[in-house]
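Shared chain: subunit A. Partners: subunit B in the first complex, subunit C in the second.
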Partner chain A sequence: MTGPSPSPAIYDLAVVGGGPAGVAGALTAALRGLRVALVDSGARLGGQYFRHRGVPGEPPTEGFARFARQVRALTERAEVLTGRQVWAVTREDDGFTAHCLGGTAVRCRRLLIATGAHDRPLPFPGWDLPGVLTAGGAQALLKGQGVVAGDRVVVAGTGPFLLPVAAGLAAAGARIPGVYEANGGLGLARHPLLALGKAGEAARHLAAFARHRVPYRTRHAVVAAHGDRELEAVTVARLDRDWNVLDTRRVPCDTLATGYGFVPQIDLGVQLGCATRPDADGTPVLRADAAQRTTVPGVWAAGEPTGVGGRHLSELEGRIAGLSAAADHDDGPGPPELLLRRRARQRAFAAALLAAYPVKDGWRGWLRDDTLVCRCEEVPLARIREARDLGATDARSVKLLSRAGMGWCQGRICGHPVACLAGGDPAAPRRPIAQPVTLAALAELTLEEPHD
Partner chain B sequence: MTFEITVDGRPVPALPGQTVGAALHAAGIRAWRTTRFGGRPRGLFCGIGVCFDCLVSVNGGPVERACLTEARPGDQVTTS
Partner chain C sequence: MSDVIIVGAGVVGAACAYYAARAGLDVTVLDRGPVAGGTTGAGEGNVLVSDKEPGPELDLAVLSSRLWRELAETSGGFEYEPKGGLVVAETPAIQERLVELAAEQGLPHDVVPAGGLRALEPHLAEGLAGGVHYPQDAQVQPMLAAARLLRHGADSFGHGALKLRLGVTVTGFVRSGDRVTGVRTDDGDMLAGAVVNAAGTWGGELAALAGVSLPVLPRRGFILVTEPLPEPLVRHKVYTAAYVTDVASDSAGLQTSAVVEGTPAGTVLIGASRERVGFDRTTSLPVLSRLAAQAVALFPALGAVRAIRSYCGFRPYCPDHLPVIGADPRAPGLHHACGHEGAGIGLAPATGHLLAQVLTGARPDLDLHPFRPDRFGSGEHR
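After this line comes the complex of A and B, so read on.
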């Protein structure tokens, strides 16, 4: 896909990532007259949330019609480069160059990082058996590829994302022996204020579970996967508040979809020297100011890389970043107060979600000595313990001694668990809440529906 | 509109726009690679290009992630 105008030698703004944040940021800046390029690794825009194939009978995704309009408007006004993976961004005298695999290089004066997030799986015995998928992987298969991940699919982990994954699989004909939420589950939905936004969505999914006879169990988790060369069954455990196992039973299944939250993709920002901060759950995210500027001049960030918060927050952050980049270009007005207030409300909600679905320490007790923690380098827990016995007290030393995180994925999958296992005290880097928001402050925020 | 690719010589159906990884998984082929040290079976895991578990070679090229590689009619996929 290309825009109508010939490619300039240097764009006013290059956006990396074509999900809700990137598309909103690119469109907002293009509407202000900036010459914009958007680069995305996928064959179609949409990121991890909007995965539509455009085939008849496809189940709708909330917000997709609006997103599709944004994409149409964007392609008329900007250069949209799909199927290109940006592997590095380098600084130049007059801006940046985004380098894509395959050779495309995009020169720009300003950069917006909107690279999204990926699932955060937790290790447990047998988690590397074929048939064990991340929840996002199962969703990508279903929505992006039209493939139902399995016949009998157990869904387990923590967070509200498990609900649409399980509901989608059930609606597509998979049998779901159970949805296992390791935390207390829908406590958040009962909060009188926060409930307004998401309870309706959750209630719809739970109604779908009732229709398809899908059991939804809180304080339960899959703590082991079994099978010879492929998944045949999982061990489901009842958990205490800290995720220690109380008792277990075996559940036959051919597929497991599992996820314990998300890891923002911040590599490009880190490459450029952007400062990071720990998100509410301790995960490093890019530090961004009120206008979504990172600490590196000329670099903005929006969406999950600045803190996991879902598509509404991502779109708002994208628009704010786009307006701020435009103001930097034309000295015109920056983001209006209204957008900043909406963002504050969404961020408060995101912070409350992270607080409601934490990863508790008890998962470490699910591992055995021979359980692989790093799938790529096949590093079992025993080798990480050895590294600690040799004196390694942080993730980096553990990595150097055990090779955990040194394989193909470069620690994207095992980074969080290795950091927890290395530090011994995963609570240490955790801040009580990333956004300094009290429930009283929450109550003062204006509630309004996003406008089309 | 289904077309065919081969995986280690075995025919596998695929749909336009589908990735090699999705076509294999849909055909019930869930393990197509073994690990270097333990010889452990691997297939799709993250499904979005992050974990590198699903590596294949297409038409004799370098290894790539099956979950990101779009299948083309007649593709010859080899696994390791």
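After this line comes the complex of A and C, so read on.
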């Protein structure tokens, strides 16, 4: 942990999440003179994107130098509380309290939710084998701990995030038998990264693929993983536009990194009663106005919780939220038109990306009756079907009748697939306890109730 | 056209449908949501006799307890656990009162002295004054119970005799003169010989569509769920004597008392809170904190166990704490089976059984006068 322990005083702004959005928001507000605290669950700031060890000689992630400068500036001007997981936020008469595991309580007049997103895996036969991990998990091992996930790593899923993951693994010495993109995307030549004028980033990944002889295949997916105790091979399928299997072949590998987009973490906002809306792909996100204000007064949100859009958009939204929170504090100017226009352009790009990399229904055909859909509670597809047959018509009733999503991860992993199997878009998650907390800690909370 | 339309696919509607189909009636069950999507889906699955004061509700509970046991044998598939209940007393005075109550109830029970508590529940806290053990108390998984009763009712008593229509909202009633002859829905009119209001906490709203008043109000409750434990830590349904007085209270303010039990999934369920705050689903951390504190006071070992989720539901509360069961003389053809407060799971089979007797013109096994729909008078909404 860095920084002194939090003072009992009330902060002008507390930021939850130390990725690009949270750091930008906290720094912007601190520069305007607000007393700011930033809380993050990691040992270091950075979130999913800048998950760095800071090892000398390692090629830095695009934009890391800028982020590192922001972190240094922030540390001088604000309370930075790392290693603290917020499991609940409560509302009081004069603001909010973020309750962290371990007992820290951060009181604030304003709250900025910048909690990022987590990987969205899809189930398929064998996805519970050791050796199968999420693309984000493989990336985290590499960036956070310098661990290459395996010797022969297949990368599969959908979305531009697969590119840096595969390129990073290849550069670190892993052999990559293939990168399988389930969608057609926009074609490599007209790749959306190029479309935004970020030719450098995409070109660097593609050059890395060429250098390491990594095949990149669109309309292909891993539809099964094989192995007795651990992963030995995967079945790679050629897909039609709806992701139905056309033909298959077996590819030996010891590791599979797979990801089908991201699920924004909006638990804290939902706890406080912030309204949600479906993102372009149906995933619930927090509704935010032009100044990144949620529908609950005093609560802002920035980055992926308001819609998946990547680090550039996240940072921009963080700055806008910081300025808006500052204006609320000092009656000074709010976010300038200039920033709002840039955000509009980046959001259009983000929406185009989500539209180019959807999750298509054909994945359901990859499952067998005994394929586990919910790993925590070990619920196979057959039990989901049985629940529907018994009268479950939505994700919640499927959960109640099958136990899918009732376990340790609280549906973070299986929530999206279960909602699809139940025949609908995922609803906003209700997690009054955002992280498991001991009953003793819960019992010891001293709380005031708001008087309204 | 069915003989009976039942509005509500919670556990009470499911039990009504099951017993009506068994009695030979053609039944259609409607629900605007899924099976068990309302209060049933937010329950613990209590099948209790121990917490009832002597009187009509206890009679209903005793009948229901027997029927649940029968259903577990003939239908099953809903995790019926005859685990028994243990009511514990914090002080000798409370223990004295518990022993008196048990004698008045006339139920099978064992008085447990302080020194005998640990034999029943090894992890109970020190310093309790004793308790009363009720072997008849049981638990079911309420969502599965509702779903299985509907399925079993449809499969066992002639195909087509029990139809389930989900995602259909009742918008009004079809009348022939005074008589209710069907329901208007967002999917068209449906006619039937009789209509049963099994809409639970929303039973008052449904009754209002028929022009009759039924003072059913939501009484919110939270339940905390722990991580699954490898070894059962709590064997019975264990609760403190305060639970009995809380259940019987009329207060709108927050009341909590410790109710702790394990489930076949390995989790521990912790209740129970009661407050009348309308249909507000906002989680109240102070309530969860109090529930946690009370559970840890009863079972200190729970302190190190992690809570992973909580949920809330709305008990259908009537001012006299009794359900509404039977024909409504104010709207002939309309019947009610709702307002069971926190005891709907436990009381469902008896409710269904008695209502099927009413529908088929048989003499009900219990006197339904205490449960009559028109007992509240007018303007008694509180």
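By our rule, the second predicted complex is superposed on the first by the 403 of 452 C-alpha atoms of A that agree within 3 Å, B and C clash if a C-alpha of one lies under 4 Å from a C-alpha of the other, contacts with A are read in each partner's own complex, and residues count from 1 in each chain.
As a convention for this text, contacts are C-beta pairs under 8 Å (C-beta built on N, C-alpha and C of every residue); 3 or more make two chains touch, one makes a residue touch a chain.
Here the structure is a predicted model, which means the values were calculated and not measured.
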{"item": "Which of subunit B and subunit C A:A88 touches, first, second, both or neither", "value": "second"}
{"item": "First (subunit B), second (subunit C), both or neither touched by A:A65", "value": "neither"}
{"item": "Which of subunit B and subunit C A:V132 touches, first, second, both or neither", "value": "first"}
{"item": "Which superposed partner A:A149 touches (first subunit B, second subunit C, both, neither)", "value": "first"}
{"item": "Partner chain(s) touched by A:W408 [first = subunit B, second = subunit C, both, neither]", "value": "both"}
{"item": "Touching partner for A:A275 - first (subunit B), second (subunit C), both, neither", "value": "neither"}
{"item": "A:L338 touches, of subunit B and subunit C: first, second, both or neither?", "value": "neither"}
{"item": "Contacts of A:L246 with subunit B and subunit C, given as first, second, both or neither", "value": "neither"}
{"item": "Touching partner for A:S41 - first (subunit B), second (subunit C), both, neither", "value": "first"}
{"item": "On subunit A, positions contacted by subunit B and by subunit C", "value": "407-408"}
{"item": "Residue ranges of subunit A in contact with subunit C within the complex", "value": "88, 90, 99, 271, 273, 377, 387, 390-394, 396-397, 400-401, 403, 406-408, 410, 430-433, 436-440, 442-445, 447, 449"}
{"item": "Contact footprint of subunit B on subunit A as seen in their complex", "value": "41, 43, 48, 53, 118-119, 121, 128-134, 136-138, 140-141, 144-147, 149, 229-230, 375-376, 378, 407-409, 412-413"}
{"item": "Complex interface listing, subunit B residues touching subunit A", "value": "15, 17-19, 22, 25-26, 30-31, 35-38, 40-53, 55, 67-68, 70"}
{"item": "Footprint of subunit A on subunit C - complex, ascending", "value": "9, 33-37, 41, 143-144, 147-148, 150-151, 164, 166-167, 224-228, 265, 270, 281-286, 288-289, 292-293, 295-296, 302-311"}
